[in-house]
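Heads up, there are several structures right after this.
Shared between the two complexes below is chain A, which pairs with chain B and chain C, respectively.
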Partner chain A sequence: MRRFRSICGAMLAMLLSAGAADAQSTIKVGVSQRDLGAMDPAFGIGNGDEFPIRQVFNVLVGPKDGTTNLKLEDLQGELAERWEMAPDARSFTFHLRKGVQWHRGYGEVTAADVAFTIQRMQDPKTGTAYGSNFRDITAVEVTDPYTVTIRLATPNPFFYAFALAPRFGGYIQSKKAVEELGDKFRHNPVGTGAFEFVSYEPKQKVTFRAFDKYWDGKPKVDTLEVLFLPETAARTLAFVKGDVDMIEGATVPGWQASVVKQKPDTVLDLGRPGAIWGFHLNMTRKPLDDIRVRKAIAHAIDQRVWTAAFGDFVSPIYGIAPQGYYGAMTKDDVPKDDWPFVYDPAKSKALLAEAGFPNGFQIELFVTEREEYKSNVLIIQELLRKVGIQINMRVVEHTSYHNDIRRDLNSMIMYSSGQPPLTQAVLNAFYKSSAIVGKPTRNMNFSHYGDIAGNSDALMEQANQEVDDLKRIAMLKQVQIEILRHVPAIPLPSPAGSWMHNGKTLEIGFPVKAYMGTFTMAKASRL
Partner chain B sequence: MGGYILRRGLEVIPTVLLVLTLVFLALRIMPGDPAVAALGEFATPDAIERFREKLGLNQPLWMQYFSFIGQALTADFGRSMSNNTSINELLAQALPYTISLGIAATVIGIVIGIPLGAMTAVHRNGALDGFGRVFALIGFSLPDFYFGVLLLLVFSLHLDWFPMLGGGKGFLDQLHHLVLPSITLGVVMAAFVMRLTRSSLLEVLRKDYVRTARGKGVAEGWVIFKHALRNALIPVTTGLGIYLLTTLSGTITVELVFSRPGLGTLLISGVSARDYTLVQAGLVVFAFFVVAVNLATDLLCAAIDPRITLR
Partner chain C sequence: MKYLMANKLTAVGAALCVLLIAVAALSPWIAPQDPLEQSFLTANQGPSEDHWLGTDAFGRDVLSRVLIGSRVSLSIGIIAPLLSALFGVWAGMIAGYLGGWTDRLLSRFSDLLMSFPSLLLGVMVAAALGPSFESAVIAIAVALFPRFVRLSRSATQVLKREPFIDASIASGRGTVSIMLKHVLPNIAGPLVVALSLWIATAIRLEAALSFLGLGAQPPTPSWGNMIRDGMTDLVGDPWPAAFAGAAITLAVLAFNMVGDALRDMLDPEIDT
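What follows is the complex of A and B.
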């Protein structure tokens, strides 16, 4: 009996200790995506793809570590050690670092790889979602193995920010590896980044190891694991227990505070400028075609409610682009006369009465079940109820939602989006007439601004091409004011990119201010 | 018996075809576009059209249907629409986790449920019976996702006895990862099996042949285990078969709660990405399990009571 008991005891001990021996120099990061879409930069979407891609690949020039600041003078070189923009903003020349190696012995990075990357992204056969960022390129000239010049059809001082920045398809790819690996490149990438790909377990994790020959010095940790943990509860518990060192946050009111309470050594990594939350009014639908109704809605929105619900996680917004975006409006830029985005319920009711709705009206809309969408619409529903507008909300599945809003089926559209932190990018995506949903060139213009109410295409294009920085910023602010006076949408407070890491076990090497998964773990170390 | 097996086997064919057709149609009716889901918010209409063309989504529905039936019959499900991995490989990686979870939960359900059910029936209205009823009530009342989170909080987060995430590597580690998920599903199953065994055995214990055996002076244990329990197990086996299917769908929730690989995780990820090929393949495998479990239940009942094959 004693022997039996000792055998049972030994088995139990083995069972309980199984898997406990983790390598000391492994960092585990939990992302909210269900699975990897692709690690090929031409096809990656969302944070779950972006974060792994960022570890494996480099761009020519990028924002400083941990930031998303894309101002030309603030950039830091990655594969390029120097770069020049022509005075007319129609060409960019990049001088590559010498000796930068591709992973797994694919040789040295040359200008031919840069040219190949651009041609691949431009080629419609590639089928990338980012092809339009490279549309204006007329030529890529390889002067020598380390010098490449990109020529543009029209002046575009922010070309690099649209096309070559992290996240938007700008990662440089190895010609040899892409051609050799074909479709396998998607899940077996070869890059130049701090970590090289080791393995991918579908729906579970991607594993990387430190790249010995990384151009900026070998990372301090040996292994990096990116785990797919879509359930907020599971991700949170794993973080609190210490099974993962860093996680992507959740857009749930009060979530961050509750995690910090349970795990006081948590470091919040709130990336700003943040993403874009907007409530778009479909101006083809009645009664939203009436400017008085749209103004009434705007006057009923009180931004302070978001601060009360989400705390530091959100920042007030004064124009179309969130604060911190290049060309964003500040508090001082807000016009003093008849500005619709001032909380004034009495004025809202008066405008409704003037429009023929003294008792308000009812309107149908549908929204996705995703927290960041639903929470916002619930807040708006409550605020509008106070002035007599009743929103009858139907909750639908997320993929269906995105499908149906692009088919112009909704009357009021909540949209959460990550864009390059440039006002031009936001304007192009949401307010250009070519971006109107239903058009062949459609993007995310759900309000139909440009065809209905006003049209700011010319001014936007002028701002895109303006070479003088001060003039360009002034024009971008002017466009925002011009658009917002027609109230095609209600810009909502901007949410920060939300990550958190264990301050006792992990040091990232710089403060994380990037709002998406666009920071590297190249300088991370275990404490 | 051979004829019975053949007859039951043939009956399965139209069922499987119907299931395949329903799976195919249900996915096409469901709103949402796999191309939009796969390419993201920056995708241009051109890129979306190319994607649809590449994956055959612009083919007529009947062509897509026959292609799917062909894939199902040859067990070659092609590649995932959302990330281009081989679906057969995905299934091969996921299935062992789901099967092991289903088996472990069933073992827990049987090992706890049948003896407890038998003992509560024998000691009807006693303290043990009271305990059994409370156990069944708790088992039925606790939703598996909630029970799973409770187990995680106590045994993983606070006591640190069991891991929180994943399915483990190697036999012992996998066993370690299996404990909490299988308890989550097994306890609910044990409550069901216990109730079924108890009521079935109580009914059998009232039968004349049991009274006769007792009257003839056969030992009480022999009466219960040899005469009564064997007959009481026929409805239990049928019920177990039906409940096994519930457990199979329960694995989806449990896999999500424990971030565990498996068929449920595959399916949920496929549905959210509108990955038709992946969801179709997953549902075909689920349907195969349902048919197989039903068939196995019928055959098991026939083995316990050979008179069934004659009906």
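What follows is the complex of A and C.
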């Protein structure tokens, strides 16, 4: 009888395992974007585009799986087996892996594809938002099908981090496919990644299947689906019920803790270094043109409130760039004398009185309905109310918000963005005079720093070109202190990339610490 | 009045309306806490001794927010239909009394507005004006306008055939004077009924506009925007949305009960 039982048990086990092997394994990931923008790396914006792009494409050399660590010694080769930077930091040579195949029979990846990608990204006719990352390139030399050298106009030891890292348009594209598919390439991409594109249903989902010729070995799951679930309530419910294996988080105070409480198997995938949250003060507007008023605002902001609201999801910030960014200020770098970013409501009120506002003042601003913007402004609004500054807020639609702040229409601008994890990148985007909104070269300088209060362009440029690491870091910290003394913006605690997955159904293969959806499912398996 | 009191349901409805309006008027004094005060240490909590209706994601007291929120919801709910009536009733009387091309013009215009569902019309107007308290009032007033036009026009048309109107004309009274002295008092009954019912509609519309982000702007609480904000974590912390929803239901029910009772009283032809 015992033997019979064991035979039955064995047969049952065989049946079950056979069933499991036959079943198509699918991983479902819910993103917060309403719909796909583009899967063409030249046009992808936001996590909902970046995550699919990361599955389909590869970079030459990128950070280790699941990280955003761009330190030279920690990089891992993707399409390039090895690479060298010239000692003067003005040229980079990449040696390509042999035999890497494009999806759907578009042939082998060669140096010509790399040259094509860079030319395409540089060409103004392409119309990519990432063109400026490639501006410094003077020549791309193809030595042989597997060797390519990129030459720069000025020394830039971080060129690879600006231009060639995942997320900032640095993915290598197929010359043949881009030319053949034209505009269709946006929603019908051909890459080299672990998953190849199968289908796209607008506002519903994108489906991918495992690429069996993937250079790093065929993925363990057969199908990957990316679902567009913009409503936080719906996305949360889909995750808690187990309909999706992974979701992009929400930026609402207490939300993560609430999900973990409802679903204890949840694994939080907090990517760091985090994104940038900043509250920019338009210094062309009264009374924000007065340094005393700006200092009063800074002294009214208590960073600890964010920690109380968001917990581990945010980390404190000490300068302009979040912790973990190259050149970021640490707690010890914060000047001791008269630093504006110290919570001191009494001083704030005194400064307001000095500036002629003993009873505070009212100011109008508008903000997008998006959670990460609105939640922050609601917290700031309440903190400023305590010192007598009343913010009259108008909530507007996200796209028109982005248009209007770039037309210099707002007085105080909440901005949430991802940048390459380098202090230089943050400075260039927000504090260079050429980046001031309203100028043709505008980027995201909403405060008008550079034209008003102070100008740090020369120091920034000097830091960009400095080849010595220690000197460069010291200069970057010096620029941050110089800028912040004028209080053109209030840097807010930095949010981690917020994803979470079901620990019972999904194993990603490595801890996810990369930000902005730049991690692959190449090593993922269903449990 | 006797009829009103004889009906228990009506009495309850009327009492509720009075209570709601009193609460809205006195809310700054009776709210137990500052409805804007954030406290993340006690965020997302259910009802407790300190917070009778719990707290929201920002740790704000839900009871205080529901009480203060009633000011926005009820004031828009009452002001908007009154504003709408002010214009709509006149337009309807003019159309009904004068007839001819004036009538055709005004009627076609109100038909045009009528062809949009009132919520859609409200959303269009509020979106065009930009989100605020005032634009919510205007949006709802516009949405209800054609209903007042129709009602007062048809009542006026019926009334116009009465001999005493002819008598007034014969005695040399001016048009405006006839409308004020004879037409308005005689069509007031159905208008009052409609007004009380449409207050309930306006409260619902305000909640819908606020839910869509087109009503009162944060941090000012209104019942609609409380539901909207509560949606994000509906499963984890359902309290803000649930209590705001309950408040809307209560208010709509109360005004509808009064409206129904007034109709029964003023419109004897309808047999209930």
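Convention: the second predicted complex is superposed on the first by the 503 of 527 C-alpha atoms of A that agree within 3 Å, B and C clash if a C-alpha of one lies under 4 Å from a C-alpha of the other, contacts with A are read in each partner's own complex, and residues count from 1 in each chain.
Quick note on the criterion: a residue touches a chain if its C-beta (ideal position, glycine included) is under 8 Å from a C-beta of that chain, and two chains touch if they have at least 3 such contacts.
In this text the structure is predicted, and so the values were computed from the model without any measurement.
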*asked:* Based on the shared chain A superposition, would you classify chain B and chain C as clashing or fitting together?
replied: fit
_Let me test your reading of the model: by the given contact rule, A:261 touches which partner, first (chain B), second (chain C), both or neither?_
second
_With both complexes superposed on chain A, which partner does A:393 reach: first (chain B), second (chain C), both or neither?_
second
*A:370 contacts which: chain B (first), chain C (second), both, neither?*
neither
*asked:* Going by the contact rule set out at the top, does A:237 touch chain B (first), chain C (second), both, or neither?
replied: both
*Where does A:404 make contact in the superposed view: on chain B (first), on chain C (second), on both, or on neither?*
first
*In the overlay, answer first, second, both or neither for which of chain B and chain C A:382 touches.*
second
*Does the superposition put A:285 against chain B (first), chain C (second), both, or neither?*
neither
*Quick one: minimum Cα-Cα distance, chain B versus chain C, in the superposed arrangement, integer Å.*
7
*Identify the overlap between the chain B-contacting and the chain C-contacting residues of chain A.*
231, 233, 237, 240, 396
*For chain A, which residues are in contact with chain B within the complex?*
14-16, 18-19, 34-38, 43, 45-46, 124-125, 127-132, 168, 183, 186-187, 201-204, 227, 229-231, 233-234, 237-238, 240-241, 243-244, 396-400, 402-404, 406, 417, 440-442, 444
*Parts of chain B lying in touch with chain A, wherever the complex brings them together*: 30-33, 36-47, 50-51, 54, 82-85, 89-90, 93-94, 149, 152-153, 156-157, 160-170, 172-173, 175-177, 179, 256-259, 261, 265-266, 268-269, 272-274
_Under the stated contact criterion, what part of chain C meets chain A in this complex?_
36-38, 40-41, 43-44, 57-59, 130-132, 213, 217-219, 231-237
*Considering the complex alone, what residue numbers of chain A touch chain C?*
231-233, 236-237, 240, 250, 252-255, 257-259, 261-262, 305, 308-309, 369, 371, 374, 378-379, 381-382, 385, 392-396
